[in-house]
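Note that subunit A is present in both complexes that follow, paired respectively with subunit B and with subunit C.
Presenting the complex of A and B:
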């Protein structure tokens, strides 16, 4: 009976979402305050029922209710409790339910955070979010019901994919979804502005915290996925340009462009229509990502569904949302003109360059991701695009972007001159150049020109990010530095850290596949790996062969790694658990391959310098985003809105 | 800059930027496209010589040969019509096993052996790479056809 309750709750949620989607929009159009007011309670009710439905599904997993098809297919009574809970979003139906729950959490937050916004504007935002919710609730109810019964009930479940039985993967999807779905809020703001059809700039200040928060979650979600792939799936790779990774990376790139463009609209009232377009694009790419991942057109661990009906539903939904939004944009955006100007050398120009380069970067990733699908759909044959394509092409827009970033950060709005700015960046440039050359020549085993440029770029960004905090420090006013400036400095510093990690890992990693017998050893660089022992290990729901590998640095033992080859009992599928000795400066990585006969096993041993900086950089970037959201002017924004300051008054703050 | 001119500059920059990016992207795309062929197509000599490509099929049961104590392995891939022998030196993916659908990426050597640089098997028991599934289906279709 309980699972039916969950489904029933979803149906009620759909009805409430319809009310939330239709009434406030109609009310805003007809100036009917009662209709507009219905949106909020409807949203609150929807949230309660979606949450209820989610809890019901979770309960079914905890209770091992194998009369529910979804539970029987993705859980097992021997599965540890933690993974029984994370199994809720371990496959298509449940992850869709999580998506809807996350959307509802964003809707409630947007309603609470936006209670000071003008009534009509807010009603439109709530309405648009309601319509998005309708789409997804209809999707889950009509094509992917997680509460379908299995009659007769299974004796036991088929277990969760062993790959997903991992702590990082338990939190990766929620993080990622908070990021993806969060872009629905700036999207709704943009649609509300377009519906209003007036000159609006203050919306940028309202929308920016939402866009930034989504971006923070997306950054963390992508980083988690990369980290998980590194130790679990990828045999030491951290990014594969896999279509599914790209599906989350494209909204990230577009979201990054959006945050920067919002700054210009917010502070200077410029790029109005461009910012609206970016807000629409970022969410559209999130939907495209959902389509790619959920439709089964892609082949990967993530592509749960291979049901064409589901793919078709999302494709239609995608076309409706994007089509409607762009039509509205084409109709209304020409009204968004701005009369302010800016000099060629100004903050605006640099942010413009940032935006164009980020859009180009998104574009090249999009081409590489969609090309095989398009060719296949046209019957032109089976292709795949190698990661070399992405690696080669992605750097074309991003390298100039990173170089410009260091100057742009210190350039004033409206007009600036190179002489003034160069004083801030000269020392940094020289220092970065010296470090770039020194590291390429001295550290590790010597790299090429490209890696020297990469290391230079990394230090260039990091040092440029220190300029503002140092200037405040010198004046003894560090406490008075605005949080927005802190956020920007921290996030950009994180980007530099990330670049350093990525460049050094890619250039100087050593990877070796070896056939070893117990007692033999191999060396990678200065490190000696000795294969000491091989033993059987019993886990809660798997059996494993475990190797004992001692690592020596100049004769001194520094670590003992225990890589495993697991076989999960239910699905009888093998899994590699790598052994990693992680330090900030480098990882030593061992993965156990197969028995090769004659007592030998294949082992992959790796030395990965600075690989931790890749994820550390992402974490620092996210912290920067969080700090920026705390800035005073977003609190002022709320007061402004309460005071009903007329729209279109661009104010200089921060 | 006046707004009108500014917009013009913006549009021109975007068009030029996107144009250049597309040019580079398409060039790089052409160089890095991996073509997929079935064992039958390989036997018929369809893949251009000297170029890397992907071949996929089922691992023929009993065909996996290991050099004892070394990383070298060879196995046959079949689409139930023709087989191609694949040689590989390295660690095979977790789900590599006989009868499983896999994809190998590499090139043909002069002896007609496919030398793989990479062997892919996806992480799902029931999973069949769609390319392989289609290749098998085509053979099946030929058999049952008139």
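Presenting the complex of A and C:
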């Protein structure tokens, strides 16, 4: 009975979403205040029923209710409780329910945070979000019902995919979805502006915290995924340019462009139609990612089980949402002209360059991701695009972007001159150049020109990010520094940290595949790895072979690693659990391979300098975003909006 | 103001590719054997190890070669389909029993029915390597002269059989001298 309750709750939620989607939009068009007001209670009700449905599914997993097909396919009575809960979003149906729950949390937040916005504008935002929710609720109810019964019930479940039995998986999808789905809010703002059809720049200030928060979640979600792949897949790589990774990276790039473009619209009233387009594009790429991951049009290690019917449904939904949004854009955007100008050397120009380069970078990823699909569709045969393409082409837009960033940060709005700006950046440039050359020559072995440029770029960004805080510090006014400036400095510093980690790891990692018997050793650089023992380990739902590897640095034991080769009993699938000795300066990484006969085992041993900085950089970037959201400006924005309501409503002309 | 229409134009183009992409299977890899003579083999028969089953046995008429094993879930799934194809009697089915235990294979055919005219025992999997088999089940359609006409990866069902394979088989039979 209880699972049916969950399905019933979803049906009620769909009805409420329809009300939320239709009434406020119709009300805004006809100036009917009662209709506009219905949106908010409908959204609140929808949230309650979606939450109920999510809890029902979670309960079915906790109770091992194997009469529910989805539970029987993705859980097992021997699965630990924590993974039974995270298994709720371990496959297509449940992760879609999580997606809907996250969307509802964003909707409620947008309603609470937007209660001071002009009534008509806010009604349109609520309506658009309601329509997005209708699409996803219809998708889950009509093609992917997680509450379908299995009759007769299974004796036991088929277990969760062992790859997913990991603490990071428990939080990776929720984080990622908060990022993906969050872009629905700036999207709804953009649509509301286009529906209103008059010149507007206020919306940029209202939308920016939402765009930034989504970006923060997406950054953390992607970083978590990368970290998880690093220690769980056993290859020691941190980014694979897999289609599904790209599906999350494209909205991130577009979202980054959006945040920067929103600044220009907010402060200077420029780039109006461009910012609207970016807001539409960021969310469209989130939807596109959903389509690519769940329809089976691309080959990927972690695409969900493919189903053309589901693919068709999302494609139709994508067409309706994105097609309608872009048509509205083509119709209304020509009205959004900017009369203000700016000099060639100004903050505006640098942000324009940032935007163009980020959009090019998005296209680089999009083309690489879709190339196999396009060639296949044209009957040109089967292709696959490897990391070599992405690695080589991706730096073409991003390297100039990073170099410009260091100057752009210190350039004034409207007009500036190089002589003034160069005073802020030349010391940093010299310092970064010295560090780039010194590190390439002295630290680690054998870097090339490209890695020297990379290290230079990393320090260039980090040092440039310190200029503002140092200037305030010198004046003794560090407390007076606006949070938005703090946020920018911190986030850019994080980007520098990330670049340093990525460049050094990619250039200087040492990797060795060895066949070792117990008692034998191998060495990587100054580190000696000794294969001490091999033993059987019994886990709750798996059996594992565990190697005991002692690591010595100049004869002194510094760590004992226990890499495992697990076989999960139900699915009989082998899994690698790597052993990692993590320090800020380097990781030592051991993965246990296969038995080679004669008591020898293949072992992959890696030395990865500064690999931690990759994820640390992402965390710093996210902190920067969080700090920026706290800026006074956005609180003042609310007071402004409150004051403006009567005027805003009166001026309304539809 | 045509530039404001660029995004929607680009989007429509993408949707066109996606629509086409939905009906294509990206993991389907065309066999390099298509249109070429099948790699010759001669293996001991599953029913009677003294006899051999091979490319010579299959020559002379249009035939299917189905790669299977008792360990393979997809093969059990397609078993009913194979039984139906065999019952229709239009195209004989030969089996390549791949990396399997012959006793288990014989038992499975006794229990679930035997759609095969004959089975070759490829215990060490060498023939499957020659044939470029990625994983069981895979099914090849062979012309009377031993040319590979079609390859299907994954479990067969009657829809695939009737829409994709049978027309090719009938066509090949007509062209037969």
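The definition used in the following text is that the second predicted complex is superposed on the first by the 642 of 654 C-alpha atoms of A that agree within 3 Å, B and C clash if a C-alpha of one lies under 4 Å from a C-alpha of the other, contacts with A are read in each partner's own complex, and residues count from 1 in each chain.
Methods note: contacts are C-beta pairs under 8 Å (C-beta built on N, C-alpha and C of every residue); 3 or more make two chains touch, one makes a residue touch a chain.
None of these values were measured; they are calculated from a predicted model.
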Quiz item: In the superposed arrangement, does A:382 touch subunit B (first), subunit C (second), both or neither?
Solution: both
Quiz item: First (subunit B), second (subunit C), both or neither: which does A:319 touch?
Solution: second
Practice problem: For A:78, select first, second, both or neither according to whether it touches subunit B, subunit C, the two together, or no partner. | Solution: neither
Exercise. Check the residue A:510 against both partner chains and state whether it touches subunit B (first), subunit C (second), both, or neither.
Key: neither
Quiz item: Looking at the overlay, what does A:594 touch: subunit B (first), subunit C (second), both, or neither?
Solution: first
Exercise. Report for A:51: first if it touches subunit B alone, second if subunit C alone, otherwise both or neither.
Key: neither
Quiz item: Regarding the shared-chain residue A:154, is it in contact with subunit B (first), subunit C (second), both, or neither?
Solution: neither
Practice problem: Please indicate which partner A:470 is in contact with in the superposed arrangement: first for subunit B, second for subunit C, both, or neither. | Solution: neither
Exercise. Using the superposition on A, tell me which residues of subunit A are in contact with subunit B and, in the other complex, with subunit C.
Key: 299, 381-382
Exercise. Going by the contact rule at the top, pick out the subunit A residues touching subunit C in the complex.
Key: 273, 277, 280-281, 284, 291, 295-299, 308, 311-312, 315, 318-319, 322-323, 326-327, 329-330, 333-334, 370, 372-374, 376-377, 381-382
Quiz prompt | Residues of subunit C touching subunit A in the complex | solution = 1, 4-5, 7-8, 11-12, 14-15, 17-27, 29-30
Quiz item: Can you list the residues on subunit A that touch subunit B in the complex?
Solution: 161, 163, 233, 235, 274, 299-301, 337-344, 352, 356-357, 359-360, 363-364, 367-368, 371, 381-386, 388-389, 392-393, 396-397, 513-515, 517, 571-576, 591, 593-594, 596-600, 602, 604
Quiz prompt | Touching residues (chain side subunit B, partner subunit A) in the complex | solution = 1-3, 6, 10, 13-14, 17-18, 21-22, 24-26, 28-29, 31-36, 54, 66, 68-71, 89-92, 94-95, 122-125, 129-131, 134
